[in-house]
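These are the structures, in C-alpha cells.
Shared chain: chain A. Partners: chain B in the first complex, chain C in the second.
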Partner chain A sequence: MLGLPVINNLIALLLWESFFVLIIMPGFAVLGTLLLILPWIERKMVGRMQWRVGPREISPRTRGIIQLLADSLRFLFQEVIIHKDAHKRYFLQFPFLYFIPVLLPLLFINAGTAGSPLVPIVSDYGLQLMVALICLMPVFILGLGWASNNRFAFIGTVREAFLYFAYEIPFIVAVFAMVVMYGTSNSVGVVDAQAGGLWGIILNPIAALTFFIAALMATARLPFDIPEADQEVSFGPFVEFSGIAFGLAYVMGYEKMYVLSALMTMLFLGGGSGPMIPGLGEVSYLIWFVLKTLIVMIVVVNLRGVYPRYRLDQGMKIGWNAMLILALVAVAWSLVIGAII
Partner chain B sequence: MEDYKNANVRNLNSGILSPFRRWSSKWSLWPCHFITSCCGVELAHAFASGYDGERLGTLNLGISRQSNYIIIEGTITRKMARALQFVWGQMPDPKFVNVIGACGQRGGIFWNSYNITHPSDIVPVDAFIPGCPITPEALLRGVRATQDKIVGIDRKTIDFKRVELPFEKQLEERMVPTSPKIFAPTPAIKVDVGRDVDWGEELKENLKRDLNGLYESITITDTNCIAIKTTRENLKAVAQKLRDQMKVDHVKSVNVIEVPHERKFIVEYIASSYTDEALMPVLITVFTEIGLKDPKVDSLSPIWESANYSEREMHEFFGVQFDGNKGMGRKFVLAPDTPDLPLRKEFKIAEERYVYEKGMSLDECMVPIEPPKDLYTPIPEEFIEGAYDKDEIVVPIGPHHAGSGHLRVTFRIKGDIIVDAIPEPGFVHRSMEKIAENKLYIQNVPLFERLAINDPVNMNLGYVRTLENALGIEVPERAQYLRTIMAELSRVEAFYYDAGIFSLFFGHTTGFMYAMAIREMVIEVLVKISGSRSAPSFLVPGGMRRDITDDVLKVIDNLTFAIHKRMKKFEDIFVYNPVTIARAKGVGVLTKADAIRCGMVGPFLRASGVNYDLRKIAPYEAYDKLNWEVTTGDDGDCLGRFLGRLAEIKQSIRIIKQAVDAVKRIPGPILSDDVLGEYKEAANDIKGNFFRVFGNLVLPKGEWTTVTEVARGTLLFSIMSDGESNVPYRVRVISPCWMNLRGFMEALKGERYADFWAVYGSFGYFPPEADR
Partner chain C sequence: MKKIATPEYDIKEKLKCHATALATAAKEVVAPLSVTTQYPRERRKWPDCFRGYILFDPERCISCFECSFVCPANAIWMKEAKSGRYYPTLDYGKCIFCHFCIDSCPGGALKTTKIHDVSYTTMDEMFTDTEEMIAPPEIIREDEGYVEYEIDRDDLTLKRTKGQDNLIVDVAPSQGVPMVSVCVDSGSCIACKICEKVCESGAVSWALDDVKDVIRMAIDSETCTGCGLCVKECSMQILRLVRK
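Up next is the complex of A and B:
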C-alpha cells in the first residue's frame, strides 16, 4: 500500500506541520473529541460536586463516557422544527454560519513553544485577527435570536447584545495589555516572549483575570449565563431551535470556549511549553498545549457548580466598572513592567 | 389519540439507521418535566443527589423544543390540559410521554373532581407509573420502562382480572366505612352558634359599643372566635369601623355558604389583626345573609385588600357578585370549560362507594370525563392594549416554563423593569373543597395532605386540629409532643424544598442538590416513623395512628446532629455565596404596611417586621412547653425572607431536640379516650379499629374555624357542619400560598425582569398549595 503515491502524499500532507496543527491537533480533530468528552467531564465533575454520579448507565464500565455520543446522535435524528413565525432562511443558516468565526481563530493559534512554533498561519496581526473574529461571534447569536422571532429569544438576544458591549472592551483592552507587554502581536512572538517559564499570567496577572472573566461572559457560563438563563428565558436565542440545529448551537458554546481557552493558554500560560516527552518530538508540545487548554476549560465549566447567576444589570456593571478598570490597570502594569524588563 | 399511540416507537423502528436511532433515543431521554401537582416533589428527588436520574442519561431540561420526553406528574386540570397539548405539540419527534402518580391515570384521589382530565385523552402515553405519591424509585423504573419500550423489550403490564373473594364462614365480617353517607335533607346551617366559653365578654361589649346600630347580633362562637351578623347594607360600614377603630387590618378568609333550601347565601369574612397584640389570636367573623337570586354584596377589598383574590374566587365558585371588585365576571381560577358555579349544591359530583354490590357494573364507579376541547384562553384584552404605545412588552410566563411552577404571570415590562404583573392561578385547582363535601370527615385527612406534600404533617395537623376543636377532644400529652416533633420535621422539609427551588431559580444546581439531599434525610426519618415518604396521613383526631418507639426517637435525635454539618455546607455554597447575596438583597421589598395590607402570612410576614407566629400567639400542641424564639426581620426583601426562614429552621431543630428529650419521660397513650369510646384497646395503635373509631365522626352544629402555623404561614380550615351528616356541609381551606399571592405580585412591581425568580423563590410559592 505504501508504494502507492497517493497514500504517500496523503501521509505527507497529514504530517505537514501547518496542516497537522490545524486539522488534527490542537485543531479540528482534537476539538471534535473534546466536544464529545468535555460536556461529559462537566456533567461528571459537577455531579461529583453535587453528591451524585452523573451519566453512567449507558456504559457502566467506562463511567458513561459515550453519553454525549448518544445525545448528539439523538439530536441528529430528531425532527427540526421551523415554526411559522420564524425567518426561515436565517433560522437555518445562522447555526452553520456561526462556525466561521468560531473556527477561524484556530488558524492563528500557536501551540508550540519558544523556538519551535506550531502555528498554521504566521501573521504579524495574528492576535488582532483572532480578537476580531471572536468579537464577531455575538453577531451571529443576535442573528439566531432575531430569526427565532420569539419573546424569550428576543429578551435573550437583547441581553446578549448588552453583555457583549460590557465584556468586549475589557476583553480587547486585556489582550492589548499583553501586546504591550510582549511588544508583538504575532502569535509566534507571543509564545517566544514567555520563554523560560515567565508566563503571561505571572507577568500580568491582572490582564489574565480580566481575560478570564471576559471569557466567562463571552461563553455565557455561570455566573454570567445571563443571555441563556434557562430558568428565566429558556436558553434565550436558542429557545426555538430543535434537533440538529439546537445540537449545533449547543456545541457552539463549547467551541467558543475552546477557542478562548486556547487563546488564554497561548497568551498567559506559555503556549505549548513544557518538558519534552521522549520519543514524541514536537508533538509533546501539542500535548502540553491541549492539556493546558483542557484545564482552563475544566475550571470554566466547574464554575457551574459553584456560582448562581448574576442579573443583567449586575453583569453589565461588572463589565463596565470593575473589568474595564482592571483592564486599564493591566495596560499600565504592562507599561511599567515592560519598561523594567 | 389512537392513531398516535406508539407512533413514535414505530417511527424509530423504520429506516436503515434504526438501531442507532433506537439506541440514541434510549439513552438520551431528556425530560421536559411537567410538574403539575404534588408528585413533582418526588420528581425533584428522583433527579437530585439521592437517586440521580442523570445516571440513566436523562437530563432534566424543561424546555419543550429541546427535549423528547414528558414526565407528567400527577393531576392534569382542565386549565393545564391546554398547556400539556401545547408542550407536546412543540416537541420534535420522536417523543415519549410518561405519566406518574395515581391521579394522572384515572384521577386517583381526585377521581370525581370537576376540574380534572385524564392525560391519556390529551396526549398518547407510553408508560404509567402508579403511586400516590410515587416514590423516586418508581419514577426511575418508569424511565427504564420507557427505555425498554424504545428498544422493543416488552415489559409485561398488568392484565386486570376480576376475582370473586367470598367470605369464609368463620371470619368475622369487618366493618366497612359507613356507606352510604348521611346527608341531611334540610340541614340547619348556622354560622353563629353560641357557646359558653370563659372568654370574650369584654371584646363583645367593645364591639357592641363601636358598631352601634350596624350589627344584628354578636355571638361568641368559641374561644378566640366571635361572629358579627349584619345586613348587606351595613357590611361595608362594619368593616370600615372594624378597620379604623379596632385595628382589624386583614382578612384571613372569605367564604360563601349556600343554603338552597332556605334560598340564601351566607357571605362571611374572617378578619383579624396584625397590629393590635390583644386581637392577634382572635378571629372575627363578619357575615351577612343574602338571597339566592341575584346575589350581590359590596366588596370589602377596598377596605381589606387581602380579600381581593378570595372574593374573585368565591365569585367564580358561587356566582356571588362582589360590587366594587374589579375581577367580577372574569375567570380567575377555573378554566373556560370547567362547569359553571361548581361549588353550588345543585352541581353534584359522582359519589364514592365503599361497598361493591353484586351486579354493579364497573362503569358506574367511573366518572366519564370529557376531554377538554377548545382550550384557548387569551390574555385579557385590556392588558395588552396600550402596551405598544407605552413602549412596553407583554411577556406571559408559565404555566409551563423552566422556571415557574404552575402559575401564569403576565408581565408588562418596560426596558428591564416590571411595570405590572397579573397572576393567573388555578392550574392545579383540584377542587378540594367540593370533594371534601363528599367524603367522611376522616377521609379528608389524606385529601388535605395533598395540598402540599412537601409539608404533609402540618397539613394534617391543621385539619385534624379543626376536628379536635369542634369535638372538644384533648390530645394526650405524649401525642402532643410527638405531633410537635413531626410538625417541625415537616417544616424543615418544606423549607429545604423551597430553598432548593430558590437556588435552582438562580441557576445554582448545587444548592438544589444539597437542599434535596438534606430533605432526603428528613424524609428518611418520616419513613421510619410512618412508613411513607411524603404522605404519611399519620395524625388522626385525638392523637396519631401509632406510637413512635424509642429507637426511632433516637434516630430523630441523631438527625438533629447530622443535619447540622450538611446545613453548614449548604449555607457555604449557596446562602452566603456573594452572587446569591447580590441577587437577593434589597430585591422585592415588602414594607410592613404593605405586608399587612396584603394579608401576608407566616415567615414572609415576619420578615417584614410583624411579630406574628401562631405557635406563640395561640399555642397548640406542645409549643408553649418548649423553649424557642420567633424570628422576625425588618428588611422585607428576598434575602430577609430567605434568611428568616433559615433561622426559623434552626429553631425548629431546637424544638425537635427538646421535644425528643421530653417525650422520652412521658408515658402514656397516644390516642385520646374522648375519641376512642369503647375501643380502648386501640389507645396505642389504631390499626384494626380505624373505621370503627373514626368512620362515624359527626361534628356539632356550627362553623368551626381553626388556624395553624404551617411551614409557609397560616393555614385556615373552616368547617361548616349541620350536626347530623357524617360529611362536612362546607369546608373552606385557605392555604398560606394563596394568601401570599397578593403580596407576591405586589413585591414584583418596579423590580427587574430577572428578579421575578428571586421573589418567587423567596416566597416559596407552591402552586398546588395555593390552588387547592
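Up next is the complex of A and C:
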C-alpha cells in the first residue's frame, strides 16, 4: 500500500486476531467510544426517569450527545491544583498508576463464542488473574485518598476500605462458584461451557445476582455510592483532584464498570454467542459481546435513578450478611447442578 | 405509650417493592413525563392573578396615595405631575411583588400583568417613572408556545399549546367596599374649603348659613366616590370614611 513497507506491517499487526481484540474491539477503541457515550446515555435515561431533560444545551440538534466531549475539553484545560498538604508524588502518580489494574483485565477477556475464542492471552488462570487485578483497584483508590490529605478524602477512603472488604469476599466466592460450575478457569473454557444457549445466568442465577451487586459496590454506583457520596463527602477520595487528574478519576470509574460488565458478560451471558451477522465473520461475535456488555452497563448506570444511597452500615450489612450467604449458596448450587450435569 | 417503629416487610414484599421500582423506572425511560418548561422557547401559562410587573392607568388614578401608604417595602413614591396631580412611581429594586398596592387602589388604576422577566443593567433603571409604568415594558419574546400543568387526581400532565400567551391581563377594576365621606364634628369646621378643592367628583359644596352667618360645608353622599382625599386633607381632621 502506497509503496511504504511499514504501513503493510502495521495493518497486518492491527488485524492480527489477538491484537485486534485487545486494541480495537472490545478493547481500547470501543472502550474509549463507550466512555464518551455512556455518561450521556446515563444522564439522558436517568433524566427521563426523573422527569427532566438531561444534557441538551450543547448541540441541541443531536440532543447533547457531545456533552462529554465538551466536559473532557474543560478537564484538559483546567489547572491541576496540588494543594500544600498533599503528598505530591503519590497525588500525581496514583491516577495514572490506577490505569494498570483497570485496563489489564482486558487481556483475558474472551469475546468469542464456543469453538471460536477471541482472546488476547489464553491462560489457564485467566479468571484468577482478572479477579486479582480487579481486587487490586481499591488499593489505588486508598492511595489516592491518603495522598490527598483531606478530611473528606479521608472519610471517603475509609468508607471505600470498609466496603472493599464487604464486597470482595462475596465477589470472589461468586466467581469461584462459576469456576466450580464450569470446571475450568480458562476464559476459553468458560465460554465453551456455555455453548448451546445454556448461559451462566440460567445455570446459576444466584451467583449472577451476587456478582451483579458486587459489581455495583466495586464501581461505587448507586445504591452503593457510599465512598463517593457527593452530598456527604463530595466525591470522597477524589475531592482534591481537579483538571485532567479528576477527568482520569472520573473516567476510571466507567472503565472499571466496563471491565466488570465484560467479565459478567463472559461469565454469565455466554460471551459473544449470538446469531451470525452475514458478511462479518467473527466480528459479529465481537458485536454481540459489546452489545451485551453495553446492556449490562446501562442497567448498572440506570440504577441511580431508582435507588437512594444506603448508609455505610447498611452497605456493610448487605455485603457481610446477605451477599456472603448468597455467594455460599451459589457455590452449593454449583456443586449440585454440576453433579447433575 | 405508643412507639413508632419502621414498618417491617418480609422478603416477599421487599422483592415486590424492588420490582415495582424497577418497572416504574423502565416505564419512565420508554414514555417519560417531562415537566421541564423550555423557558425562552416556551412559557408557562400563568393564572390571571399572577403577581408580575405592575401597569398604571393615570385616567383612573385619583391621587389618593393609598398605594404609597400601603407599600410594605416603601417602593412606591408619589411624584407631582405637570397637572399638579400626584402619581405613583415604583422602584423595582425595593418592590417585593406583594401587590398590596393593586389591592388597595380604589379606582383600579394599578393592574397586574403576567410579565416576570424584566431585567435591568443598573440600579437607577430599576426606578420606574410614572410614564414608564403606563405601557408594558419591552421584553424579548422568544416563545413559540406555552405550557399548562394539569393535575388529575394524583398524576400530573403537561399540556403544550402553540402560539404566544397574552401577558397583559384584562381584569375589571374592583368595586371595593363602597365608602362615603362624612363630617363627624361639624362644630369644629373652620370652613377652610380644602375639602371642596381636593374633591374630584364635586360632591362637596358650601353654603352661607343666613341665621348664624357662617359657612356650612355639605357632602353629597350620592356623588361622593369615597376616595378619602378630603379625609386626608381636612385641616381639622374631622372627616371620616364610613360604609355607604
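Everything below uses one rule, namely that the second predicted complex is superposed on the first by the 338 of 341 C-alpha atoms of A that agree within 3 Å, B and C clash if a C-alpha of one lies under 4 Å from a C-alpha of the other, contacts with A are read in each partner's own complex, and residues count from 1 in each chain.
Here is the rule we use: contacts are C-beta pairs under 8 Å (C-beta built on N, C-alpha and C of every residue); 3 or more make two chains touch, one makes a residue touch a chain.
Not measured: the values here are computed from a predicted model.
Trainee: Sharing chain A, do chain B and chain C clash or fit in the superposition?
Mentor: The answer is clash.
Trainee: Please indicate which partner A:80 is in contact with in the superposed arrangement: first for chain B, second for chain C, both, or neither.
Mentor: first
Trainee: Just to be sure I read the superposition right, which of the two partners does A:131 touch: chain B = first, chain C = second, or both, or neither?
Mentor: Touch status of A:131: no partner.
Trainee: For A:264 in the superposed arrangement: first (chain B), second (chain C), both or neither?
Mentor: Neither partner.
Trainee: Applying the document's definition of touch, where does A:53 land relative to chain B and chain C: first, second, both, or neither?
Mentor: Touch status of A:53: both partners.
Trainee: Taking the superposition as given, does A:307 touch the first partner, chain B, the second, chain C, both, or neither?
Mentor: It touches chain B and chain C both.
Trainee: Determine, under the contact definition given at the top, whether A:45 touches first (chain B), second (chain C), both, or neither.
Mentor: second
Trainee: Counting residues of chain A in contact, which comes out ahead: chain B or chain C?
Mentor: The partner that reaches more residues of chain A in the superposed model: B.
Trainee: Is A:173 touching the first partner chain B, the second partner chain C, both, or neither of them?
Mentor: Touch status of A:173: no partner.
Trainee: Given 7-15, 61-69, 133-141 or 205-213, which part of chain C has C-alpha atoms clashing with chain B after the fit on chain A?
Mentor: Among 7-15, 61-69, 133-141 or 205-213, the clash with chain B belongs to 61-69.
Trainee: Where on chain A do the contacts from chain B and from chain C line up?
Mentor: Touching chain B and chain C on chain A: residues 49-53, 305-307.
Trainee: Which residues of chain C touch chain A in their complex?
Mentor: Within the complex, chain C touches chain A at residues 21-22, 24-25, 28-29, 32-36, 38.
Trainee: Tell me, which parts of chain B touch chain A in their complex?
Mentor: Touch list, chain B to chain A: 17, 20-21, 23-28, 48-49, 52, 54-57, 59, 61-63, 65-66, 68, 90-94, 393, 395, 401-403, 416, 503-511, 513-514, 517, 573-574, 577, 579-580, 582-583, 752-757.
Trainee: What does chain A use to touch chain C in their complex?
Mentor: Checking each residue of chain A against chain C gives 45, 48-53, 302, 305-307.
Trainee: Over in the complex, which chain A residues touch chain B? Could you list them?
Mentor: 43, 46-47, 49-58, 64, 67, 69-71, 73-74, 76-81, 151, 154-155, 222-223, 225-226, 229-232, 234-235, 238-243, 246, 304-314
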